[in-house]
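One chain, chain A, links the two complexes that follow: it is found with chain B in the first and with chain C in the second.
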Partner chain A sequence: MSGIDLTDVVKRFGALTVIDKVNLRVGEGEFVVFVGPSGCGKSTLLRMIAGLEEISDGELQIGGKRMNETPPAERGIAMVFQSYALYPHMSVERNLGFALETARLAAGEIKERVSKVARFLKIEHLLHRRPAQLSGGQQQRVAIGRALVRSQKLFLFDEPLSNLDADLRMEMRVEIARIHRELKATTVYVTHDQLEAMTLADRIVVLKDGRIAQVGTPMELYERPASKFVASFIGAPRMNFLPGTLRRDTGASRLEVMGVTHTLDRIDYDGEISIGLRPEDLILGGGEVQIPAQVLLVEPLGGEALVHARVGDGQMLVMKVQGKPDLRPNADITVGWMRSKAHLFGADELALRAAEA
Partner chain B sequence: MVSGVLMKSLGLRQARARTAWWFLAPSLLVLTAVALWPLGRTFVFSFTDALLTEPDFYSYIGFDNYRALFEDPLWWQSVRNTLYFTVISVSIETVLGLTIALLLNSHIAGRGAMRAIILIPWSIPVVVSARMWQWMLHDQFGIVNHVLKMAGFIDSGIAWTANASLVMPVIIAVDVWITTPFMVLLILAGLQMLPRGIYEVAAIDGVPAWKQFTSLTLPLLAPSIAVAVLFRLLDALRMFDLSFVLSSNSDDTKTVSIYAREVLVNFQDMGVGSAASTAVFLMIAVVTAIYVTVFRLNRRLLGV
Partner chain C sequence: MVRSNTRKRLHQVAIYSLFGIVALYTLFPFYWMIASSLKSGQAIFDVTFFPDLKFNNYAAILSDGVFLRSLLNSLIVAFSVVALSLVLAIAAAYALGRIDFRGRSPIMLLVLAVSMFPQIALLSGLFEMIRWLGLYNTVGSLIFAYMIFTLPFNIWVLTTFMRDLPKQIEEAAIMDGCSPLRIVRCIFLPMMGPALISTGLLAFIASWNEFMFALTFILTDENRTVPVAIALISGSSRYEFPYGAIMAASTIVTVPLVILALIFQKHIVSGLTAGAVKG
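The block that comes next holds the complex of A and B.
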């Protein structure tokens, strides 16, 4: 019983509203990731679930029970912090066992559980060291171990990998995925890194200015972003945006972009729009819609390359192509895409969809 | 190649050491002039029969001064007084200082103003504080007796600083009043350096407040407390002003520093006075050495 229900949850710091009427349900055993730019309220929301911040308004339920007034220790959670927050004066072994010691478990049982977790996280050889004698990655493993050892049903992570370098981040990402696969605990994970969100999450919650911008599986967010904000936040390199004009017609719509006009299924919208194109959806010298462009720069990445190009009067595009294209700066090319891959956003920055026939 | 790098780094270290010495030189010079030189002179005089009136005429008399000193029961009483005063006052100040620092560190209303106010007793010169308390404790006109009388606890004024069994507690109380703020300040600084996150982890892990205090706060704060206590120890062991002002002639509160001054100034005996001063210095050195050793050992045992 570790599902989470947030109903109209609000957090205010004085006059400042940091979380504004958030509604969210996290299913039992689900891995949910909060993403969003720095300062959007991810940590605050997580800390409200943990009980480290009071809930100004609305209701939090865990396992179907109201938890607003319940102290953190009684919410059945374990949490991992970005700063690790290891007890600096205790050995790794004691760091892992401290909560159990407090819960008055027998010494034998503590030792057994600590060594089981240590084996699981491959930190057995570190048990007698102090946190200061560990590398960042090792400290992070200990912090995760300390959360695991209490066998709670709900895990909260606040940017656990932000202090690690790229290699370690990848390694720990895989590790966290493995932990979730094996323990199946409900997990809420905060990050500002969309790659972590995409690779770890069952569902992603995109936050913007204290509100939920969109909730969905990684593929849903990638394929059908509800707004320009979500579209540009999910996916790397970032989505390209070109200005265009949409004209409603009988039975169809006509879209004009960079001087090229084509027809689409009818969309109930008329006026200026923004056309979102992912770098990996752009086709060099092909596609249903094609526009002229000039090469600015080619960045080879090994198996693939990023082509930076200029279209129209100063618009920039990034395109991902396989292999190493033989292109010189200033070469004239055509950039194209399939009509189904274009994301259209109206003046309010919300996604436009074809009207149901 | 490797040895070249090594040589270079050695050269660099030497250059750094040389720079460090240059920076230290002025303070070493001053220290020698105002501390080491007088200390050495005192040490030399302690083996002579010099008199304060004619310090230039003396002869060496070996350990006679020390023999005289150690045969004087008043010296030993001064030692007992000093140690008693030190242990009791520093203990009270530590516990009180820690308590107040914890209060000021918690999120209580008005703690900013409290922090400023608490420093006032410490910022007043000790002699002024002592005089102030002397008046407040005066047996006829003092406010302390006045309040006690009004409240009906006593019928006639108590001679706080003249009563043999009261005077030491009174001096300790005034010292606590004066120096607890210093303790508070040092411990508060230590408290504010504690990592905040571990308390959130502890809250989530269900560690009760008292255990957070004994297992997290105290061990992490131990170095700060130890330094504060060391400062206070050194200060208390050579305490002079408070006793001198509040009860200058009482043997019950005579500290080793007062004893040394008395021999030197009242009896003009530079030899025994110097021997007493040297003994005070050695006493402080020994106590400090024991304290530092024990604390270091403790740290190793506790694994702090």
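The block that comes next holds the complex of A and C.
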């Protein structure tokens, strides 16, 4: 019983509202990732679930029970912090066992559980070292081990990988995925890295200014972003945006972009819009819709390349192409896309969808 | 090459001779004290740099009940002051360093201001308080009085230290189920080891050396502490001044300080600077 229910949850610091009426349900055993730019309230929301931050308004339930007033240690939660927060004066072994020691378990049982976790995380050879004698990746393993040893059903992670370098980050990402697969504990994971979110999450919650911008599976968010904000946050390199005009007609809509007009299924909207195109959806010299462009720069990445191009009067586009295209700066090209791959956003920055037939 | 080598050597000579002068200046009085304490009778008035290793001054002073009693009093006072002021300062530092409440910075400023009062200004007021508390002519009066200057300093140092301990470690301990008391005892105090050692040591030295309060608040010999007891050592007649005995007593009194300083020397500096970096 470790699902989480947030109902109209609000957090205020004085006059400042940092979390504004968040409603969210995290299913038992689910891996949910909070993403969003710095300062959007991810940590605050996580800390409210943990009990480290008071809930100003609304209700938090864990496993169907109201938890607003329950002290952190009694919520059945284990948490991993960004800075690892290991106790510097204790050996790794004692760090791992400290919560059990606090709960007054027998020494034999503590030892047994600690060594089981150490084996699981492959840190047995480090048990007698101090945290200062460990590398960043090892410290992170110990921090995760400290959370595991209490065998809780709910794990919270606050940007656990952001202090690691790229290689280790990938290794630990795989490790965290393995832990979740094997333990099946409900997990809430905060990150500002969309790649971590895409690879780890069952569902992603995108936060913006203390509100939920969109909730969905990684593919839902990638394929059907609800707003320009979500569209530009998910996917790398970022989605391109071009200005255009949408005209409603009988039975169809007509979209004009960079001087090229084409028809679409009817959308109930009339006026200026923004057309979102992912770099990987753009086609060099092909596609249903094509516009002229000029090459600025080609960045070869090995198997593929990023082509930076200029369209119209100073609009920039990034396009991802296979292989290494033979393009020189200032060469004239055409950039195209399939109509179904274009994301349209109205003046309010929300996604526009064709009316259901 | 040759030139720079000689310059380097000159440089070293200069550094070592400077070091030698400073060492001589600071250590000579100690040496003189110890050397004199080992001379007997009239020999003390001869200017000889090497003592004759006679221990009769020590024998005399260590068989003097009043001096031994004052040594015991000093130990009681110093250890009580260290223990009490550390416990109180840790509690205060936890409140001032880790808990958000209104009026925190005025309290800190007040603590700092109090630690700057000159001792002499406190003397008469303190005297009244001690009389009123019925502590006059007891070692309790000195414990009470010394806390007045050890506490503010300890609170200040321990608060700056406690405030800089990482918040996430405290939160990790909360998630691990620790009460505030357990957090302080098992997490904060071990992390503050150097600060506790240096503040404790300074409190010990201050109480061990204090003279003026010890002279004012104590009336009778059996309650005195060593600084006053040494000053009051007198010879068998009023025309004899027992330098030898005084030097022996002073040496005995210095030994505990030297031992403590040697044991903890590594921690003293790190404790004081770590807390002091951010004011």
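The rule is simple: the second predicted complex is superposed on the first by the 357 of 357 C-alpha atoms of A that agree within 3 Å, B and C clash if a C-alpha of one lies under 4 Å from a C-alpha of the other, contacts with A are read in each partner's own complex, and residues count from 1 in each chain.
One rule holds in what follows: a contact is a pair of C-beta atoms (placed from the backbone, for glycine too) under 8 Å apart; a residue touches a chain by one contact, two chains touch by 3 or more.
From a predicted model like this one, the values you see are computed outputs, not experimental measurements.
Trainee: Quick one: on chain A, after the overlay, do chain B and chain C clash, or do they fit? Just give me the call.
Mentor: Result for chain B and chain C: clash.
Trainee: Which partner does A:Q322 contact after superposing on A: first (chain B), second (chain C), both, neither?
Mentor: neither
Trainee: In the superposed arrangement, which partner chain does A:N330 touch: chain B (first), chain C (second), both, or neither?
Mentor: neither
Trainee: Of the two partner chains, chain B (first) and chain C (second), which one does A:S340 touch, if any: first, second, both, or neither?
Mentor: In the superposition, A:S340 touches no partner, neither chain B nor chain C.
Trainee: So in the superposed three-chain picture, is A:F98 touching just chain B, just chain C, both, or none of them (first/second/both/neither)?
Mentor: both
Trainee: Which partner chains sit in contact with A:T250 here, chain B, chain C, both or neither? Use first/second/both/neither.
Mentor: neither
Trainee: Using the superposition on chain A described above, determine whether A:P88 touches chain B (first), chain C (second), both, or neither.
Mentor: both
Trainee: After lining up the shared chain so the two structures overlap, which partner does A:I77 touch, if you call chain B first and chain C second: first, second, both or neither?
Mentor: After superposition on chain A, A:I77 lies in contact with both partners, chain B and chain C.
Trainee: Across the two complexes, find the residues of chain A that touch chain B and also touch chain C.
Mentor: Overlap of chain B and chain C footprints on chain A: residues 50, 52, 72-73, 77-79, 81, 83, 85-89, 98-99, 102-103, 146, 150.
Trainee: In their complex, what parts of chain A are in touch with chain B?
Mentor: 50-52, 71-74, 77-79, 81, 83-91, 98-99, 102-103, 146, 150
Trainee: Can you check the complex and tell me which residues of chain B touch chain A?
Mentor: Listed in rising order, the residues are 195, 197-198, 200-201, 203-208, 211, 215-216, 219-220, 303-304.
Trainee: Chain A touches which residues of chain C in the complex?
Mentor: 166, 168-169, 171-178, 182, 186-187, 190-191, 193
Trainee: Applying the document's contact rule, which stretches of chain A touch chain C when the two form their complex?
Mentor: Those residues of chain A that touch chain C are 50, 52, 72-73, 77-79, 81-83, 85-89, 98-99, 102-103, 146, 150.
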